[in-house]
Structure formats: C-alpha cells, structure tokens
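Given below, in the form of structure tokens, are the structures.
In the two assemblies presented below, chain A is common to both, partnered first by chain B and then by chain C.
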Partner chain A sequence: MSTLQSWAALAVLAPLAAALLCVVLPPLRKAGKPAAALCLLSSLVSAGSALYLLTQHETGSVSRTTIPWIVFGGKAIASIGVHVDATSVVMLVVVTMVALCVQIFSTAYMHDEKPSSYGRYFTLHALFLFSMNTLVVAPNLMQLFAGWELVGLTSYLLIGFWFQKPSAAKASVKAFWMTKLADMGFVFALLVLFVATRGFEWSARLSTETATLVTALLFLAVVGKSAQFPLHVWLPDAMEGPTPVSALLHAATMVAAGVFLIVRADPLFAQAPATRDVMLWIGSGTALFAACLALVQTDIKKVLAYSTCSQLGYMVAALGAGSAFAGFFHLGTHAFFKALLFLGAGSVIHAVHSNELADMGGLRKKMPWTALTFGLGALSLAGVPGLAGFFSKDHVLSELEGRAGWIPWALLMLTSFLTAFYMGRVLIKAFGGAPSAKAHHAHESGGAMLLPLFVLAVPAVGAGFFGGKLAEWSGAEYHLHLGLTPIVASCLALGGIFAALAVFGRGKTAPFTSVLEGLDRASAVDRTWAGLYRHVLLGVSAVMGFIDRYVVDGLMNAIGYSTIESGASVRRLQTGRIHDYAMAVVVGALLIVLWGVLR
Partner chain B sequence: MNNLTLLVFLPLVGALLVAATPKAAVSAQRAITLVTMLATMVLGLSVCLDFDGASAAAQHVIERPWFSLPGASGSVPIAFKLGLDGISVLMVALTALLGPIVVLSTWGHIHERVKEFMVWLLVMQTGMLGVFLSLDLVLFYVFWEVSLVPLYFILGIWGGDRRLYATIKFFLYTLSGSLVMMIAVIALLYQLGTADIPTLIERVSSLPHGTQVWMFGAFALAFCIKVPVMPFHTWLPDAHTEAPTSGSVILAGVLLKMGTYGLLRFCIQMFPGISLEAAPWMMGLGAAGIVYGAWLASAQNDIKRLVACSSVSHLGYVVLGLFALTQAGLRGSVLQMVNHGISTGLLFLLVGMIYERRHTRALDQYGGIASVMPVYAVFFVVTVLSSVGLPGLNGFVGEYLILLGSFQASPWIAAVSVTGVIFGAVYLLMATRKFLWGPVTHKANEGLADLGAREVGLMVPLVVLCFWIGFAPNTFLDRTDGSIDALVKRIDAARAVRTAALAPVEAPLVATEGETR
Partner chain C sequence: MTLTHCLLLASFLFCVGVYGLLTRRQAVAVLLSLELMMNAANLAFASFAHFKGGPGQVFVIFALAITVAEVAIGLALVMLLYRRYDDTALDRASEAKG
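Up next is the complex of A and B:
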C-alpha cells in the first residue's frame, strides 16, 4: 500500500475506530462528552487525511489497493480496498469537511440532550462518516454498494434519532423502505454485471443492451437515494431528524451519493445513451417539480429539502447530458452552500424553537451573523453571479444547451428563476420584516454554531474558482465564457430575487400560490406510495395470511384428520397416545445405536 | 475412542448424569447440562478447526461394522460410520455452538420439570450432531428420528396454551416425512447393497432413471417438510409460537437445517442428474417461499409468528441457492444455513427475553421499548439488520452469493427473489418500529428491566459471529471449498451426460445451439 492509499484508508478507518470504541464501551458512550470528543477527533483525522490527499494530488494519478473479501477456490469474487483518484479525493474532502463542520455545530445544537443520547448521536455520526468514506473510496461497485447500504442504515437511525416521536419513527422507516425499494436496482445491476464480466468494475466494457440494463438498474437506485421523482417522497419527511443531520446526510453528502455513483460509473453510463436520455428528463423534471413545491412550504427545513431534490435534479440532468464533470462540480458546490443553509436554519430553529417561517421574521437584527452567512448561502444557491452556485449551475446549463430540443434547458432555466424566488422568500420571511412573537426573544447562537457557518461560507462563496482545477483533473473542458446561458441564468437569478422582494417584501402572495398549495396538499405521489403500501402490500399480506391459515393449512389439516379417521379401525392395536409412540421411537433408536457402538 | 464418537455421545452421557440426579436438585441439573454442552462445544469446535477445507474427503472418520440387512444381492452390511466433510463442518460447528447458549437461555423460562427438560435437550444434541456426522444411511435415519422426538416433548410439555395442537401437527408432519424417507432408504439399501453414503453416492447412477426419480422425490419431500418449503410450512408458525424460547431457538437454529442439509447431502449429492431436472421446480418453490413468507410475516401481530414466517422466507433463499446448482449458489446456501441459525436464533432469544418480562407476544402490546431497555434495543436492531442482509453483517454475504448463483441459473427466478430484499426490510423494520420506537404506550412496559449479564453474555458470541461472517466470510467459506468443488464437478458431469442424452433429439431442430446448456 502506497502512502496515499494509507492516508485514504486512514480517512475511512479513523471514524470506524471511534464508532467501535463507543459501541463496545457503553460507559464512554453514556458519558456523552468524551464520546463526542473522540468522534470529533476521528473526523478531524479523516478531514486532515483528505486535505493532505488533495494537496498531493496530481492530474491523472490513479492508484488502488484491494484485499479479497469473498473468496472461493482461491479466487476472489469480491474485494475491498481503496481507490485514490481525483473523484474520490475531491469527494472525500467535501464529505469530511462538511461532516467536521456539522459535528462541531452539533456539539452546541444537541447540548440539551441527555448524555447517553448525546453519545449515541456522535457514535452514529462516526458510523456515518465511516460508511460514507467507504462508499467514496470504493475500488469497485460492490464496496460502493456496501457503503451505500450502510449510509442508508445510518440515515435510518439518525432520522429516527428522536425515536420517541411517532412521526420521527415513521419517517425513518419510510426513508429506509423507499431507498431499499430502489436499492433492488443496485442489487440487480451487480448481478447482471457480475454474470457479464465476472467482476464489479465500473470500467467494464459491455454490449449496449447489457450496459443499458445495468445503468438503468443503477439509475433506479439513484432515483431512490438522490430523491428523484417519483421516489423523492421520503426526503421531506426525513427532516424529522435533528437539523445538523439534515445538513450532513439529507443535503450535502448522503443524498449526493446517487450522483456520485453515476460519476463513478460514468464509463458504464457512457455505453448506454438510452439511460442517459431518461436521466436528462427525470433530472430536469424533478428540478422544476421540487422547486414549485419548495415555493409553498411553510417549514424552513422543508423548503430546503425540496430545494435539495431540485438541485440534485440539476446534477442528474447534467449527468444525463453526458457531463460527469458538470454534475460532480455542482455536487461539490451544492454540498457546501446547502450544508451552510441547513446549519443556518438550525441556528434559527435553535433560537426560535420552531421550524415554521411564520414564527420567525426580523432575525437579521437579532442574529446578524447567522443572517449574513445564511444570506450568502442563499444567494449562492440562487445562482447570483460570482458565487459558487453560479459557476457550477451555469456549467450544468451550458452542457444542456441544445439537448432534446432545448426543453430540459428551458425547464432548468425556469427552475433557476424559481430557486432565486423561493430563497428570496425564505430570506425575507425569516430575516426581514418585523419579528413574530417567538422571534422576539431570539438571540445569536454561540461560537460553536457560528464557527461552522463561517467556515462553510468560504467555499459556498468561493468554491466556484476551483472549477478549473477540478476540470483539469477530470479531463473535462471548462472555461468561462460570456454566452447565452450565463447571461440568461444571471438575469433569471437576479430577477427571481427582485421578484421575491417585490412580492414577499410587500407582504403579498405569489401568483399560482393556491395552485401550488393545492398540489402540495394533494401530495399525489406520496399518497400513491402510501396507498400501494397500505392497500396492496398490507392488503395482500392480510389476504395471504387468511389463505395460509384456512386454505393451505386447512387442506393439510383435512388430510391429517382423514388419516386419523381411517386409522381408527386399527385403533385397538395401539394405545393411541403419541407419547408412547414417541418414547418407543427414541428408546428403540438409542438402543440400536448403543448396541452398535458397544458391540 | 474416535473424537467424533465422543462428540456425538458426550451429550448423551450428560443426559444420563442428569437423569441420575434427584428431581429437586435443579441447580445441579442445570450445571451438569451446561458443563456437558460447553464440553461438547469445545470438542465440536476443535474438531471443526482441525479440518482441512481444501480436501473433499471425509475426515476424522470412524467406521465399525454393526449389523446386516438382507438385500437384493446378498446381505447389506450396516456400519457405525461417522465423518466430517465440507458439507457438514459448518453445521456441526453451529450445533455445537448453540448448545450452551440454549441451555443458558432456559434459566429464564424453564422452571418446571427442569430435569426432564435438560435430558431432552442433551438427547436432542446427540441426535442433531449424529445427523450431520453420519456417513451410513441407516445410522443417519436413526439419528434423524432421535432428534425429532425430544422436540415433541419440549413442545408438548413446556409449550404455550395451544401446545397440543401444535405438537400433534408437528409430529404428524415430520413423521409422514420420515416415513416417506424410510421407504426410499430401504429401497436404496436393498437395491444397491450398501448403506455407506460415499459408496451410495458413487453407485446411485447405476439405477434406472425412473427409480432415481421417485427416490429423489421421497427424499425431497421429507426434507422439504422439514425445512419447511412452501406449501409444507404451516406446521412451523404453530410450532414456533407454542414452543418455549429454547425450543424455538433449537428448532430454528439447527433442526430446520437438517432439512436443507438433507437436500444437499441426499438429493443433490446423491442424485445430481435428477437434481438438474428438478432444479427449476425447486428454485421456483424456494423463490415462492421467499416472497410468500415475507408477505405472510407482514400480516402478523404475534411476534413469534412473524419470526417464524420470516424463517420460511429466509430458508427459501437456502433452497433457491442449493438448486441453482452453481458454485456461488451452493456456497451461499451453506453459509446462509449458518447465518439463519445465528440471526433467527438471536431473534427468538430476544423475543423470549421480552416474553419472560411481559408474558405477551402481541406486537401492539409493545412500543417504546427502546426507551426502557436500551441494551435490548441495540441487540434487537443488530439482529434485525443481520436478518435484513445489511452489508458488513452475515446475512448479506450468504444472500448475495445465493442471488448470484441463482441469477446464473435462472435470471427470472432470481428477479422474483430479489423482491424478498425489500419485503424483508418491510416487515422487520415495521416490527422494529412498532416494538422499539415511539413513546411507551402501555403502563406495563414502563418498569421493564433491561437485559442482565447472563442474557447479554449468551448473545454476544452470536453477535460477534454476525460481524465476523460479514467482514471475513472466508474463514467459513474456506472450510467448504474442497467438498463444494467436488460436488460442482459431479453436477457438471451430470449436466454433460444430460446434454449428450438430449443432443440427438434437439440437434436437427437447433443445430447451432447444441452446446448452449
């Protein structure tokens, strides 16, 4: 194992060590603070290794090491290890940096938890970081899948962190099921890939049919994990988890794992133009659909959740257009500004003890630093020129120029406008105007919560300038140009913000609000899934339970009774007590055996 | 004395010792049983460690002539023959390991007629080890019967309210299976003139095709009832719900594996040709069991019934993998037998522990248990995840290998089975939510005591194994290498024979595709 590989392994294993220690030493976990300190330390080590790898990275360098995991007949059919290249190094930096910020933020945010839950919280965070890093450095799709499932597990456990709340318990199970349903695609893709190539490599050469099948199945898993239409319904519910968890898992990193998978498996997707076409439409459709719903949410976290769906849609659309670099670039900038937005929202929620926008208002004076950093994040997300979000989004849009009759491009342009509009709405409702009753007593959060906001604000503003380097590493074309797309996008972003000021700044409601609210209330997709679960799944299992009890079992019992009836005639020969028969069987059998041994 | 003989009869010696104690000396009875089981475990595991996985030959063999039966061509010698090979080694290890765990679990729920209970447990241990180690068909059959009877008493005496119904049902089902098998056993002996299993395996192919078919059918029926394969499964939920915890653990952990082991040893190893013909049907039954068991489990409110239905589903995987008749499928199934023993054993232990505190199995009587019993919740969640097949835990490796193997054999059947992955998550996580999460809704649950040292201690080895198999499955897969490779060669040879036999018929129709199979 080379030095670089060892650093990558360290980034994966440090959080695992912390999590294991917390699990096997209950006193450590129950003490709370020491467990948190240990987990923070492991994240620091992880982030340090990732940064070191970034500084050491050279264009085009790829190295990997693996050890066999499942072997038979001396041949490894699955192996685990680390794969160090531009994609994994950059992703590792994004994941560990955001995780570190979120964990520091959490030390203050979760302060009121009792020590044992505090310890459990950080243990789960360490477990998450281990799982996510396992996924990121995976040398093959099998290990990527293992990490994929493990992040799903930690997501389940963290959404349900406040498991005493029935809504949190329900949301956690829903998230697990919806993603698991999609994961069938992943399982299947691996089967097909293995049968076709005897391996789980993403660089495999396949026939067009096989490639289409494999990528379509992988994409199904992505639709679940990255909350794309129609499997997006779990993500808004996942906001039941603690807000820092939403920031880390359900905005910045875990949900982006789907996009990461497509970036990783780009050589496979490149062989399957049909799958890419589907991705283009699903991505751009989800982006617009989710942005519409984000506009009418009253819960600040739900606005951000739908916004995440929407932004993931951009990434998927970019990948559908065949530009892995554009999707990955947007993944990176989005991770920073969305984590910043969620933590900012957490800071606000911590201050006003409510998620509702109506309970906020006027917070720019009460919480100036939160307002400033949240504002920067929002403008970056809106795509205001010069900020990180602008560069990556612009590149996504440029890649879509002319595709599929410009329709996806137009959909995403419209979404850009809506994005600026709904973020303007949040800014105005939360930080502008006069404080509501609950917001009167709000005050700025402490240092442990502000520090991560400041740290994240830096890449949320400036990460766009990293684009050139990333493009060079990814072997992609990237240069700023003053063309149709950037001009239209900039105008729409600024226009969205001004429109928001014009509408919400004066206390009006936006046009079409009632239509969108109706759409939100109807939540047709969610209801379809709930109906499928309740009526089809549970209904059919109830029917099966009945059939099993009365038909299958009844038939067997009937055969049994008729045998007993016919046996009644020879009854006098027997005592009729099964006890006696059974005893005779065992005693007789043992005697025979003993005779054999002793003879 | 050969160490396998010692291994098999050690529990029986313990049983005699326990039987000799006065009725009231409960602690002595428990102590003797535990010590015997521990000694058996140490001996069993050491035998399995002292086993060369690369070799297909039976090891630690003991063979003594026993008696003779009349046969078609002279008398058939019956021998007392035991041996360990790659097909039995993991089963023996599992059986030996579960012994002391089951004994420890009885501390909490067996308070009446302790002496008899311990005697039956020990006799059953002898029977089960004998089943896995026998290399003589008659000896196998004897041990098979010996292992059935103790459970009948355990169910009938220490069972729940409907124990009589469950007991009779269990007995009739398994007895009818045994009788069918006995006919096949006798016919085999009579026609081939030997009871030695390795010799039989070599000679069976000399029998006429029709004879082989019905013999395969008789064995398959007996083992399918035992597994149980759908539609013969209805005795299992009843038996599990009525059995005391320790009975359920043994039943799920080892006794059901006798069925899958039998399918592997007698149906597949002995009749590879017929197995190839029957494979689509058996795989179909396996896949049907996976889905059907999972749907059934979703409809249960009784938590023991739910786990029992999940067993039907998980054993469906094993049957599916066995009859995929591929490297991956066979290996995955052998590993999954162990996995199922561990995971389902743990589930029954956990359900039993809460039952001892609350005396109800109804899911809706629980809720919020995680708040009052946090340690219990951790064990429960780990077990559920192992059962669901999360990577990093044991279930994943077995399930994945099975899916891989069956996908190679029949993509469509594998496709149906993959849906078991999502259904498994549905019912187990739904149960977990109703059971552990949420607020404490019943007053009776508020004061529940968390797990004690004994309860934690008896589960720890199994949980360690969950992780061990998940992270380093090769420790276990290695031991099966030699035997499975040899078996796959036999299957391939049978496939070649079959292709050759079919080729002249098909050749004029599809001349270019003569070698597709």
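Up next is the complex of A and C:
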C-alpha cells in the first residue's frame, strides 16, 4: 500500500473509528459534547487527508489496493479496498469539506438538543461520512453498493432524527422504501454483471444487450437515489430532517452518489447508448418539472429540495449526453453552493423558528452576513456569469447542444431561467421587503454557524476556475468559449433574476401559481406511489401474511394438533392394570406360536 | 415313561402357571405362578436332555440361578408394594393408567 492509498484509507477509517467509539461507549455518546468533539476531529482528519491527496495528485495517476472480501472456492469474487484517481480524490475532497462545514454548523444549530440526542446526531454524521467515503473510494461496484446501502441507512436514520414527530417518522420510512425499491435495480445489475463477467469491475467489456440491461438496472437505482422523476417524491419529504442533514445528505453528497455511480460506471454506460438516451430525457425532464414545482413552494427548504432535484437532472442529462466530466463538474460545484444555500436557510430558520417564506422578510438588515453568503450561493445556482454554477452549468448545456433535436437543450435552458427566477423569489421573500412578525426578533447567528457559510462561499464562488484542472485530470475537453450556449444561458440567468425582481419586488405572487400548483396536484406522482404502496404493496403483504398464518403456521399447528388427538385416542389402551399387560403378553406369545405352527 | 409324557406334564404345569398369572390378584400368588411356568420350561429342558442328549441340563442349572435372582427382586417389589398400599393386591397399583 503506497502512501497515497494509506491517506485515502485514513480518510475512510477515521470517521468509522469515531462512530464505533460512540456506539460501543454509550456514556461517551450520551455526554453529547465529547462525542461531537470526537466526530469533528475525525472529520477534520478525513478532510485533511483528502486535501493532502488533492495536493499530491498528478494527472493520469490511478492506483488501488485491495484485499479479498468474498472468497468462494479459493478465488476472491469481490474485494474491498481503496481506488485513488482523479474522480475519487476530487469527490473525497468535496464530501469531506462539506461534511466538516455542516458538522461545525450543526454544533450551533443542534444546540438545544438533549446531550444524548446531540451525541446520537454526531455519531450518525460520523457513520455517514464513513459510508460515503467507502462509496467514493470503492475499487469495484460491490464495495460501492455496500457504501450505497450504508448511506441509505444513515439517510433514513437522520431524516427520522426527530422520530417523535409523526411527519418525520413517515418521511423517513417513505425515503427508505422509495430508495430500496430503486436499489433492487442495483442488486440485479450486480447479479447480471457477475454472471456475465465473474466480477464486479466497472471497466468490464460486455455485449450491447448485457451492457444495456446492466446500465438500465443501475440507472433505476440512480433514479431512486438521485431523486429523478418519477421516484423524486421522497426528497421534498426528507426535509423533515434537521436542516444541516438536508444540506449534507439531501443536497450535496448522498443524492449526488447516484450521479457519482454513473461517472464511475461510465465505461459500462458508454457501451449502452440506449440507456444514455433515456438518461438524457429523464434528466432534462426532471430538471424542468422540479424547477416548476420549486416556483410555488412556500417552505424555503422545499424550494431548495426541488431545486436539488432539478440540478441533479442537469447532471443526469449531461451524463446521458455522454459527458461524464460535465456531470461530475456540476456535481462538485452544486455540492458547494447547495450546501451553502441549505446552511444559509438553516441559519434563517434558526433565527425565525419557521420554514415558511411568509414568516421571513427583511432579514438583510437583521442578518447581513447570512444574507450575503446566501445571496452568493443563490446567484451561483442561478448561473450568474463568473460564479461557480455558471461554469459547470454552461459546460453541461454546451455538451447538450444539438442532441436529440435540441429539445433537452431547450428544456434545460428554460430550467436555467426558472432557476434564476425562483432563487430570486426566495431572496426577495426572505431577505427583501419588510420584516414579518416573526422576523422582527431575528438576529444574526453566532460564529459557529457563520464560519461554515464563509468557508463554503469561497468554492461556491470560485470552484468554477478549478474546471480546467479537473478536465485535465479527467482527460476531458474543457475550454471557455464565447458561443451560443454561454450567451443565451447568461442572458436567461440575469433575465430570471430581473424578472423575479420585477414580479416579487412589489409583493406579488408568482405568475401561473394556480396552474403550477395544479401541475403539482395533477402530476399525481406522489398519489400514484401512495396508492401503489397502499394497494399493491400492502395487498401483497396481506396475501403473504395470510399464507404465513394459515399455510405455513397452519401446517405446523395441524401436525401438533393431530399428535395430541391421536395420543388421546390411544391412551385408553393403557389401563394400568398388571393383569391386562400379562394377558397381552400371553396372547402375543400364543399368536407367535400359532404363526409358527401355521406357517 | 417317554418323552411325550414328560412334555405333557411340562405343558400342563405351564398352563397352570399361566392360569394363575392371569387370575390371581395377590402379588405373591402371581410370583408363584411365574415360578411354576419357569419350572415347566426347566422340566422340558431336562426331559429333552435325558431322552435326546445335548447340553439341556446345563441350561436348567443356569435357569435356576436366574430364577433365584428373579424371586429376590420379585419379593423386594412385593415388599415395596405393601409399604406403599398396605396391601399386596396388584389391582391397587394402577397408576400407569393412561
């Protein structure tokens, strides 16, 4: 194991050590603050090693260390280890940096929790960071799947962190079963891949049919994890979790794991053009659909949640267009500015004790630093030229130019306008205008909450300039050009913001609100899934329950009952009188004699 | 006196023993009936040995030794029976009734 791989392993194992310590030492976890300090330390170690790896990275360097994991017949069919290349190093930096910022933010945000749940919160965060890093450095799809399921578990636990709230408990179960449903695709993809190649490598050469099958099944898992239409319904509900959790899991890293999987398995997807076409359409469709829904939400976190769906749609569309680099680049910049936006929203929610945009207003004077950083994040998301979001979004759109009759490109261009429009709406509603009743007593958050905002604001503004380096490492084409896409995109972004100013500056509601709310209701995606859950899944469960109760258990009961009954019917033979037994012996002996004589 | 006479006597003794075994209620009488059946068998052994030759008489000696042991155990059981029920009638010991 070389030095670089040791550092990568350290980044994975430090959070695991912290989580394990907190799990096996309940007094430590229940003390709260010490557990938080331990988990923060582990994240710091993790982020430090990831940054060190980044500074040491050289173009084209790929190395891995593995140890056998699942051994069958003396041959390792799956191994576990670390894979260090440009993708995993950059992803590791993004994940650990955002996680560190979110955890620092959480120390202040979760301040009112009891010490025991404070400790539980940070234990889960450490467990999440371990799971996510396992996924990121995975040398094959099997370990990636293990990490994938672990982040799903921690997502479930963190959405349901306030499990005494019925809505949070429901949301966590919903997120769990929606993503598990999709994860079946991953399981079957692994099965097919193993049957075809006797391994779980993403670099395998497959026939077109097998590749299409494997990638389609993998894409099903991605649709669930990255909240693409029609499995996106769990993500807005997942906002029931604490806001920093939404920032880390449901905006920056976990939901992006789906996109990361496609980037990783790009050699497989490259062999399946049919799957890529589906991805192109689903990605661009989701982007527009979710952006429309983001426009009418009244809850600041729900706006950001739909915006996350929409931005993930951009990434999926870019990957569908065959540009792993564009998708990955947008993943990285999105992680920073969306985490910044969520933490900014958390800071606002902490101040006004409400998620509703109507309860905010005028906060730019009360919370100037939050307003500044949130504003930078919003402009970056909107794609204002010069900020990080502009570069990556522009590259995604450039990759889509002319594909599939320009339609996905046009959809995403429209989305880009809507993105600027709804972010403008949030900015104006939350920070502009006159303060509402609840916002009167708001005051700026403390240092532990502002520091992560400032730290994240730096990459949210400047990460775009890292694109050239990332492209060089990924071996992709990337150069700024003054063509059709950047000009149209910039105009649309600025136009969206000015349109929002013009519309909402006077305190009006969004145009077509009733139409869009109708779209939300009429789309009926949520209700379809609820109906499927209620009628199909519960129906199947009822049949299973009937079979279990009356067939499986019935057979056992019948055997037991018939034993008791047959015993009761023959017990009369045992009279207990010695003479009867003697008579039986004599008669038996006589019968034997008779048999001997007659034979 | 031929072998037939001896065997007839032995079977007569055996039948008396069986009759006693099935009809007597006192434990001691049942043990006596058992002895009778045992001795009927011994008689048959001895008769065959006398008229036909062979090692039958050796079996008789062994059987007698075993009978002694059997009687010792049987009488011990009778003692226990008496202690428990203040009676030696076998009808009383019917606790194994199903």
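To be clear about the criterion, the second predicted complex is superposed on the first by the 537 of 599 C-alpha atoms of A that agree within 3 Å, B and C clash if a C-alpha of one lies under 4 Å from a C-alpha of the other, contacts with A are read in each partner's own complex, and residues count from 1 in each chain.
Assume a contact is a pair of C-beta atoms (placed from the backbone, for glycine too) under 8 Å apart; a residue touches a chain by one contact, two chains touch by 3 or more.
Worth saying up front: this structure is predicted, and the values here are computed from it rather than measured.
K.L.:
Have a look at where A:M544 lands relative to chain B and chain C in the superposition and call it first, second, both or neither.
P.N.:
Only chain B; A:M544 stays clear of chain C.
K.L.:
After lining up the shared chain so the two structures overlap, which partner does A:S207 touch, if you call chain B first and chain C second: first, second, both or neither?
P.N.:
Once the two structures are laid over each other on A, A:S207 reaches no partner at all.
K.L.:
What's your read, chain B or chain C touching more residues of chain A?
P.N.:
Ranking chain B and chain C by residues of chain A touched puts B first.
K.L.:
For A:S61, decide between first (touching chain B), second (touching chain C), both and neither.
P.N.:
Touch partners of A:S61: none, neither chain B nor chain C.
K.L.:
Could you tell me if A:W177 is touching chain B, chain C, both of them or neither one (first, second, both, neither)?
P.N.:
first
K.L.:
Can you list the residues of chain A that meet both chain B and chain C?
P.N.:
Looking at chain A, the two contact sets intersect at 578-579, 582-583, 586.
K.L.:
So in the complex, which bits of chain A are touching chain B?
P.N.:
Chain A reaches chain B through residues 26, 68-73, 77, 116, 145-146, 149-150, 153, 156-157, 160, 163-166, 168-170, 172-173, 176-177, 180-181, 183-184, 187-188, 191-192, 194-195, 537-538, 540-542, 544-545, 548, 552-553, 556-557, 560, 563, 578-579, 582-583, 585-586, 589-590, 592-593, 596-597, 599.
K.L.:
Please give the residue numbers of chain B that touch chain A in the complex, ascending.
P.N.:
Chain B residues touching chain A: 5, 9, 12, 64, 66-67, 80, 123, 130, 139, 142-143, 145-146, 148-150, 152-153, 156, 167-169, 171-173, 231-232, 234-235, 292, 295-300, 327-328, 331, 368, 370-371, 374-375, 381, 385, 390-392, 396-397, 400-401, 403-404, 407-408, 411, 414-415, 418-419, 421-422, 425-426, 429-430, 432-433, 436-439, 473-474, 477-478, 481, 484-485.
K.L.:
Taking the touch rule as given, give the residues of chain C at its contact with chain A in the complex, in rising order.
P.N.:
18, 21-22, 25, 30, 90-91, 93-98
K.L.:
If we count contacts the way the header does, which residues on chain A are in touch with chain C in the complex?
P.N.:
571-579, 582-583, 586
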